[in-house]
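Report on one structure; see the data block that follows.
As written, the chain order gives the labels A, B, C and D, with residue 1 at the start of each chain.
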Amino acid sequence: MVQQPVSEHEMEIRVRYCETDSMGFLHHANYIIYFEMGRTELLRSAGVSYREFEEDGLFMVVVRLETRYHQPARYDDVLRLRTTVKRVSAAKIEHEYHLYRDDLLLAKGDSMLACVDRNGQVQRVPQWLRTE
Amino acid sequence: MVQQPVSEHEMEIRVRYCETDSMGFLHHANYIIYFEMGRTELLRSAGVSYREFEEDGLFMVVVRLETRYHQPARYDDVLRLRTTVKRVSAAKIEHEYHLYRDDLLLAKGDSMLACVDRNGQVQRVPQWLRTE
Amino acid sequence: MVQQPVSEHEMEIRVRYCETDSMGFLHHANYIIYFEMGRTELLRSAGVSYREFEEDGLFMVVVRLETRYHQPARYDDVLRLRTTVKRVSAAKIEHEYHLYRDDLLLAKGDSMLACVDRNGQVQRVPQWLRTE
Amino acid sequence: MVQQPVSEHEMEIRVRYCETDSMGFLHHANYIIYFEMGRTELLRSAGVSYREFEEDGLFMVVVRLETRYHQPARYDDVLRLRTTVKRVSAAKIEHEYHLYRDDLLLAKGDSMLACVDRNGQVQRVPQWLRTE
């Protein structure tokens, strides 16, 4: 059985000057930061503030993240990031990311997150977030 | 047939204050930056300056990168990064990364890089870098 | 004679998670990055793309920058940055920055930039940018 | 009366690839990060861990910072940062920074810090840090 996406969000991100490197392209570590922005905004579009989530003592930590880089981006490019929740179980949350400039796919990522408390102890993912 | 590592390098990295986030830990995007430092220093230990490599018109670009995060790091921690070349073919270079604090494995990464020229055209990996 | 501002621009910036530090606040180096975004958008609002400016072989480099930090910002805060051109002469461009959350002034900056060519040689500021 | 420096520290910093920008130089925001590293190491050389300082509930926050940029730095440059305490009173700490490549001064900075507690309330600078 293939798990259906439960939620999806698209946002635009303009590449900042400081995010480029001397090769002239968006540095590959910054894609990770864009993916994190995608998760924040996807949650917000579902009516949840991740900031309040943390203020309640729960933290989502990345346990695995993979990125495939297809095409470079440049300073001032306006990119489009699509963030998709692939699966949410009691133990983990899986996302997928597609980063485009116009219709060109620049990069694809996927990640697995877990919930922990202030002491780093793993917690069950809140029921309202789960898809199974 | 399992490809043997052809080269390995260890270095220490101290976590900077700005690299932490409001969770109190080293932000997960910064591991990617540490891995890149590991590649630079591994090359240097083999007598090659990546800066001169670029000045000669060749660039190594990351095409795939995966990180598994096991334990968090904190500000001012002194970490030990072991970078290993797993395989170098005419088309790609594969590295593995292990990040430790003392004997505790904090994260493990692996990446695939390609060589491109100034115009982003894929080039053959220089013969002297290859292991097969 | 007091030089009048020739141009002004306001933009919103949402604080990213990775921009905070373990103190829980927006790290002070990131204000510098926001100011740079302000300059890019101020130029754009005047019909100029800084990216094209560079593609024409001219670069604006920061020669002096001062920031006064009044109040901290937190993750997910939506800030308002007002960027003002204070003075443009043949040799330099001076900007001022005010960063607010609602009506609270968080920080105030001012900078001086020069124009250089690809070789780092100082160039005259283009006539169309000048105010004196 | 000119206040004498009470403490001074020198360290080497190698410019990371991700710290450069598409102009090919060390991005100007990263100097601020280097200055912070200088403060951490200056404290450590005086037998004080800033991390423990924070664990005791005291935080040093930057209230003013100015940088003058003289010459650019490039990827892989090994820079030398000299951090000097200029003055420590009950209310504030003033530092000066000189960043060199060999004998060439690349940048000069100065900053003013204050002590705050976990709630951001200004605290007196600890007696053992003061010079007046």
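In this text, a contact is a pair of C-beta atoms (placed from the backbone, for glycine too) under 8 Å apart; a residue touches a chain by one contact, two chains touch by 3 or more.
No experiment lies behind these values; they were computed from the predicted model shown.
Q: More contacting C-beta pairs: C-D or B-C?
A: C-D
Q: Farthest chain from subunit C, comparing Cα centres?
A: Taking each chain's C-alpha mean as its centre, the farthest from subunit C is B.
Q: Could you give the separation in Å between the centres of subunit C and subunit D, each centre being the mean of its C-alpha atoms?
A: Result: the chain centres lie 22 Å from each other.
Q: So what's the Cα centroid distance for subunit A and subunit C, whole Å?
A: Roughly 28 Å, centre to centre.
Q: List the centre-to-centre spacing of subunit B and subunit C in whole Å, with centres computed as mean CA coordinates.
A: Measuring from centre to centre gives 34 Å for this pair.
Q: If you look at subunit D, which of its residues touch at least two other chains?
A: In subunit D, residues 17-18, 22-23, 29, 33, 36, 54, 74-75 touch at least two other chains, as defined above.
Q: Write out the stretch or stretches of subunit B touching subunit A in their complex.
A: Answer in residue numbers: 22-23, 28-30, 32-33, 36, 54, 59, 61-70, 72, 120.
Q: Quick one: in the complex, what on subunit A touches subunit C?
A: Counting only subunit A, the residues touching subunit C are 16-18, 33, 36-37, 40, 49-51, 74-76.
Q: Okay, in this complex, where on subunit C does subunit B touch?
A: 17-18, 20-25, 27, 29, 74-75
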